[in-house]
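Labels for the chains are A, B, C and D, by order of writing; each one numbers its residues from 1.
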Amino acid sequence: MKKIYIISLTTMVLGAILSVLVSMSIQSNEQKNKNVAAILTPDSPIEEIPKKEIPEKLEWITNTDFPEIGSSEAKKGGLLQMFMLNFPQTFRVVGPNSNTQFRSYILGNKMSLVTYHPYTKEIIPQLATHWAFGADQKTVYFKLDKDARWSDGRAVTAHDYLYILKFMRSKHINAPWYNNYYTEQITDISAYDNYTISITTKDRKPKDELIYTLAAGPIPAHYYGELDENWERDYNWAIAPNTGPYQISEYKKGKYVILERKKNWWAAKKKANKNLYNVDRVIYKVIRNEAIAYVYFKKGELDYFPIVKPKWWHGKAKGPLYDNGLVVKHWFYITVPEGVGGLFFNLDHALLKDKDIRQGIAHSINMDGMIADVLKNDYLRMQRFTEGFEKYDFPDIEARVFDLTKADEFFNKAGFDKRNEDGVRINKEGVKLSFKVNFGAESHLPRLAYLREEAKKAGLELVLEQLDPVTNYRKISTKDHEICWVKFGGGGLKPRYRQFFHSSFASKPDNNNLCNVNDPELDKLIEAYREEFDEKKSQDLCEKIQRRIYEICPIVYSYSVPYHRSAYWKYWRFPKIAAAKSSTELFDPFLGGGAFWLDQEEKEKTKLDKVLGVDGEPKVIIDKMFKPGQKK
Amino acid sequence: MSSEELISIKDLKVHFPIKGGIFLREVAKVFAVDGVSLSVNKGETLGLVGESGCGKSTFGKALLQLIKPTSGSVTFNNDELTDLSKAKLRQYRKDLQIIFQDPSESLNSRHTVEQILMEPLEIHKIGDSRNDRKAIIVSLLQKVGLPADSINKYPHEFSGGQKQRIGIARAIALEPQLIVCDEAVSALDVSVQSQILNLLLDLQEEMGLAYIFIAHDLAVVRHISDKVAVMYLGKIVEFTDADNIYAKPLHPYTKALISAIPEPDPFKEKDRVILKGDVPSPIDPPSGCRFHTRCPYAQDKCKTDEPELKDYKNEDGSEHMAACHFAGEF
Amino acid sequence: MENQKSSSIRCLNLDKRNNMLLEVRDIVTTFDVEGKILTALQEVSFEIDKGQTLGIVGESGCGKSVTSLSVMGLLPKPSGNTISGQVLFEGQDLLKLSPDEMGKIRGKRIAMIFQEPMTALNPVYRIGRQIGEIFKIHFPSMNDQEILTKSIDLLKDVGIPAPEKRISEYPHQLSGGMRQRVMIAMALACEPDLLICDEPTTALDVTIQAQILELIKELQVKNNMAVIMITHDLGVIAEFCDRVAVMYAGKVVESAHVKDLYKSPKHPYTKGLLSSIPTMNHPRKTKLDTIKGQVPSLFNMPPYCRFENRCPYASDVCRQDYPPTEAIDDSRSVNCHHWKDL
Amino acid sequence: MKNLFKLSPTSQRQLQRFRSIKRGYYSLVILAIVLVLTIFAELWINNRALVVSYKGELYFPTYSAVIPAKTFDQKIGTGDEETDYRKLQASFKENKSNYVIMPFVPFGKSEQHKVKDKEWPLAPGDGHWLGTDEQGRDVVSQLVYGFRIAFFYSFLVLVLTYVLGVFIGCLMGFWGGWFDLLFQRVIEIWSNIPYLYAIMIVVSLVGTTFTNLVVISVFFGWTGMTWYMRTATYKEKSRDYVMAAKALGASDMRIIIKHIIPNTITLIITFAPFALAGGITGLTALDFLGFGISAENPSWGDLLKQGMDYLDDAYWIGASIISAMTLILVLVTFIGEAVREAFDPKKHTYYE
């Protein structure tokens, strides 16, 4: 009895001490946050970098001859009200918990050296005025814009680029991926004077891809200074100086964040930014539920609401607000390399090894029916891996379609020619033709359930296994799946095959070769493609790879969504070209977007209309300017 | 009636710890039974009287090892019971049985008479088949004067007296040698009480049972017992054969007890000794003679010195023990 | 003592009306148990004079407690109801009174104490408050100080040591005997004319029982109260009461002066009861006389003499009808067809 | 043997009393009917026909193996796939000698019913009494099959938690001492774990199968009963009949199983209906949050969620599920109340 008494007492005492310590550390934490002082003040003198000769002769390139993005009618002013589902756990953009929805808004205000014109896709200057390619096909040189300023007023110089490596390689930022990327991939950053730098990557690349890789953004060296182990904690809620048009001006944890347009933004007058970034302030309100957010939107407390999903566009976005044109429905097609999506077979699986079975399955999946019935025919069937890559796309390669006869042929060939009492195919050994399909998004269940029901007709049993996203991700990345339902993020200039199909990643965890494709022929092609810098030859190789992948049949492609759909109040105005070819939403107030503006008068009128009621026409815009396959 | 000693209890103590605090530490003790020595011969009845809280019931249960005694020894047929394991004790359970005060409490209301009486047979594997056992049960019922059709009935279908008969049937099912009757007739109506007392006497004769008859009703105890012990606050204060204890009580407590019984005889003149106050708490028993706080004859000596249980001998030479400094002097 | 009693008998005979405190006439009380109507009291009658002690004796289930509850109007509602008869308290029929009027008599004129005082006391209030409550109900004009002194006096009267201290204690801090004393104090607070004691000592030890009975007796004389003592203990009746009514299965079967009853019981039940008690004079370890069988269940009462199944004298006539109440003399009555055969 | 099936008189009286409480009794009757109907749901909600008569031969597809379409010369795909009985029925319209008898609700539990030019969720009509959900599944079938799963989950969890809780609680009360002390602390810690939250966390780690969910629910839910049982056992063990059994030499286990548990059964039964309702709502909540039994199964939580999502456009989903839940919970609550009343010991004493 006594022992228990002592143990319990000790536990209680220890607990008490621990809680005191924790509360103290929290306090000291806050204390420190307040004391995060710039290592250098914005006004302290900038150290002169000794001039160094550039080792080769360069051809400096710039671009001033590009169409203006903004509309001359645009007016400045007003507030844009947006929502986010969660409050960010930190304002840092690297390190633990930094991968949040809100991060993109911070990064949106972190300018790069160069950027792409939203409509023409040509390279246009940003923090760099000129750029030049090194002969090694690994290095790009930049001349920095001497006007560039941090939000605290300090000039952006080569120091802030040199600092990138120091920062990104520091283990104090607690971001192994960045540590690795800035060591393995970005191998060097050098300065030749305060406003001339070069950045070098590990592998040789074609020019377009090289500059795409290397056009990094600076990190304020004076602000962070030497990093220490407390960095992650100290800078959790620090508002770091940036170079973009907006900066966080106010926030309340768990409630909202407000970003305000800078009064004297250094780049405001540059051609690329003319008539852009029109609203004065952008507020992101935390609303934890989409349905509730929609109620806010209908009340006018949000200006914009994404209605991409068919459920929204066709279903919920209805009613008097729409009928009278108070709210505009805007369907905007884009052209963007779509991330690959679909059912990924694990080729290490005993049955899925068999190409006939894979093809049988591919013909048993009624993707088109699903897109028609479940997705209301909004989505497009994804035909191949290269969709959206324009010059690297090969329209004659088409996805396999639902065809019970073909499926029957392939399955019979693979030995699954009988059916059991449940109607599922079996082979001679009595093995069922049954696979687990795991997926992580609950909302995808209706889609998969449809596929499952249709597959039954072919005698194929799909067992759906819904996991929470984290578990699902783990399962997939350890290649523990049989078939998984995945959609990758898109982007890039050319299709990247290696990470998806090269044998060096097969049957190993934590990579994108989810199918464990291990094909020597494909390996050879992929390696050649990687070494090829000639555009034409590269395209040929790309096509060969594409055909080989079709033969292997590791993926049943699902769909692509080359558009975004928005609902917004009618007082918002857009230039003729409402958004970028590759935009992800209509209302991206920061880089690349921000061409919209608020019609203050109309807003007042809308308020009145809402109260008094107005018989307007419904406003539905379907903008197919950038729809893939459309001739301009 | 043989005079062979059946069970002998030596210096039996039962102290209940009173636990307090979240870790249930012992904060005090109840001196429920505090050094009792008694013995019972085969086929004999020992009466045990005392007021509630004097420890008589605890004593009865402790000698059966239903409550673990704190110290002391219980020798049954020359075997020591106090240090036996649960499993070994089980064999002795056959010989030592108990009848409780409240028959509705001591019978599981969810069991039929058959189930109730089947239990001892099952535990001790008496009878080979169910039918065997059923036959035994029917004969048991007959023995205690219940009709054979009671077998499928539930306790609540019986009157108090009949329930007590079931309790007795259960106790004699294993043909024990000793039965502790713990206030076995106290809760019964007078007209039924006499029936049960007769039954107990019959069974004693027939089966050669020994009883330890615990009760607070002296008239009943006198009627059924051969010897009587009087308990007060966990100790025996007087002990002798039944007639003598009523005729010539030596201890003032016994005397008070006898005089306090209302007798159903309006013509009898009695000199009453009415005791002051209540029985003191057994958690903190008085020093010296435990009775001194209520004793009309208490002297200073009684407050400090604890009297020994001494033999004062009856006129016929039989044993008459009493624990009083002034035994028989009033 | 004996003289006093006989004089009261004479009074009763001479001026019955003046001296009569409570007269219960043929009350029938029924209970509705799950839709079945059970007759707990079948025409119960008895009477009690001022200052007298009446014992009601009987075994469990005979209806003696129901009798006291019927008189007090405290039957558990809605199942229990007194459906006929009269309860005349100083000539007034208590059964006809409204609950409010009854409330004024109950506690003030007729008080009651119960078997288990712990259940009759509210465990969450101090003793003082519970006694004070009675004064507040029946004497609203008294102030707190008066109530306090009066309460302490009362506790002193019932022999509670250090009443000033006890008054601020809770019921569980008292022993059983002390609690019963508190109950008595509460019952006596308004100096009632009639005290109904329902098994007041059954839960107590004999030595404490003696104390309590002595106390009630003492207070009865002091306050000139009538007492109805309900008990199963024939010893208590013999020592305590003037008159006795013997109840069996919801009927009063015999009613007499205590000494008459014990000397020559006229009902076979009374006779059997008296002879089945082991006494000090009885030879030890011999067979006791018994009453065979058992009380019929309330669910299953015969429509004739309820003792018939246990009675050694039972004959056909007993199975025809309830035996009538026959007066043996002025103070004695019996309900038996065969009382003369005893 | 007879005794085994004979209820003890206390139980009989309680049963009688329960019967006399009309509201609870009829609720039980209705619930029992609903349960029986759901157990045999395949017979009246199914896309497989009850009887097919084709070319003089009779087929009973309900519980039999899949009958391929070619058996009835139905042309959909290769002929190996399962027969579409509704279409078959339609095609037999002209031919009198062949016939198909479809169940009352001719839709399968996971069948997605496509109607030309109509979008899911289908409004009531097209053979759907209560319309379909967003996957085109019949709402009636979802309600019934979902209830079946929820009920059996709840029932299983109930039985297991009771077995565990009752057993541990009994031992705590019976043995007391360190065992009691240890489990008291364990239970205190356990009962401070937020139940649904804990289940959600664990489920997300181990996956959502029926067995997993039941095991986890039991793992986090066994303490509820334990506490009551401990107290009840403490009370029972000090009663004389237990002492009597001890005196007869009965072992601890025998006393617990034969004496204490039967005498505390009232307590267990009184809690059961409410626990059952709790289980059903618990699973619905988990399903609603996406942590319920594997996504493939019809589920009330899923329906409720759809009901919320389609509040404006597909009222029939929300209305159906909310009515169904209300109905079941009201029934169970009525039963629970009646049980509690029937088992209330105060109602059973009567005057002697």
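As a working rule, a contact is a pair of C-beta atoms (placed from the backbone, for glycine too) under 8 Å apart; a residue touches a chain by one contact, two chains touch by 3 or more.
Everything numeric here is computed off the predicted structure, so don't read it as measured data.
Student: Going by the contact definition up top, give me the pair of chains with the most C-beta pairs touching.
Tutor: B-C
Student: Can you identify the chain nearest the overall CA centroid, using each chain's own CA centroid?
Tutor: Nearest to the common C-alpha centre lies chain D.
Student: Starting from the mean Cα coordinates of subunit B and subunit C, work out the distance between those two points in Å.
Tutor: About 32 Å separates the centre of subunit B from that of subunit C.
Student: Please work out the Cα centroid separation of subunit A and subunit D, and write it as a whole number of Å.
Tutor: The separation of the two C-alpha centroids amounts to 44 Å.
Student: How many Å are there between the centre of subunit A and the centre of subunit C, using C-alpha atoms for each centre?
Tutor: 92
Student: Report the inter-centroid distance (CA atoms only) between subunit A and subunit B in whole Å.
Tutor: 87
Student: At which residue positions does subunit D touch at least two other chains?
Tutor: Only 181 qualify.
Student: Touching at least two other chains at once: which residues of subunit C meet that condition?
Tutor: 60
Student: I need the residues of subunit A touching at least two other chains; which ones are they?
Tutor: Residues 4 of subunit A each touch two or more of the other chains.
Student: Given the complex with subunit C, which residues does subunit B contribute to the contact?
Tutor: The contact residues of subunit B facing subunit C are 45, 51-52, 159-162, 189-195, 197-198, 201, 216, 218-220, 222-226, 242-243, 246, 256-257, 259-267, 272, 274-275, 278-279.
Student: Hey, which residues of subunit A end up touching subunit D in the complex?
Tutor: Where subunit A meets subunit D, its residues are 4, 291, 311, 314-316, 318-319, 373-374, 376, 404-405, 408, 419-423, 442, 445-446, 449-450, 452-453, 456-459, 463-468, 470-471.
Student: Would you mind writing out the residues of subunit B in touch with subunit D in their complex?
Tutor: 23-24, 61, 64, 66, 86, 89-91, 93-94, 96-98, 100-102, 105-112, 114-115, 119-120, 123-124, 152, 154, 156-157, 167, 170, 174
Student: Along subunit D, where are the residues that touch subunit B in the complex?
Tutor: Result: residues 2-3, 6, 8-11, 181, 239-241, 243-251, 254, 258-259, 262-263 of subunit D touch subunit B.
Student: For a test of understanding, state which residues of subunit C touch subunit B in their complex under the given definition.
Tutor: Within the complex, subunit C contacts subunit B at residues 59-60, 175-178, 205-211, 213-214, 232-240, 258-259, 262-263, 272-274, 276-280, 282, 284-285, 287-292, 294-295.
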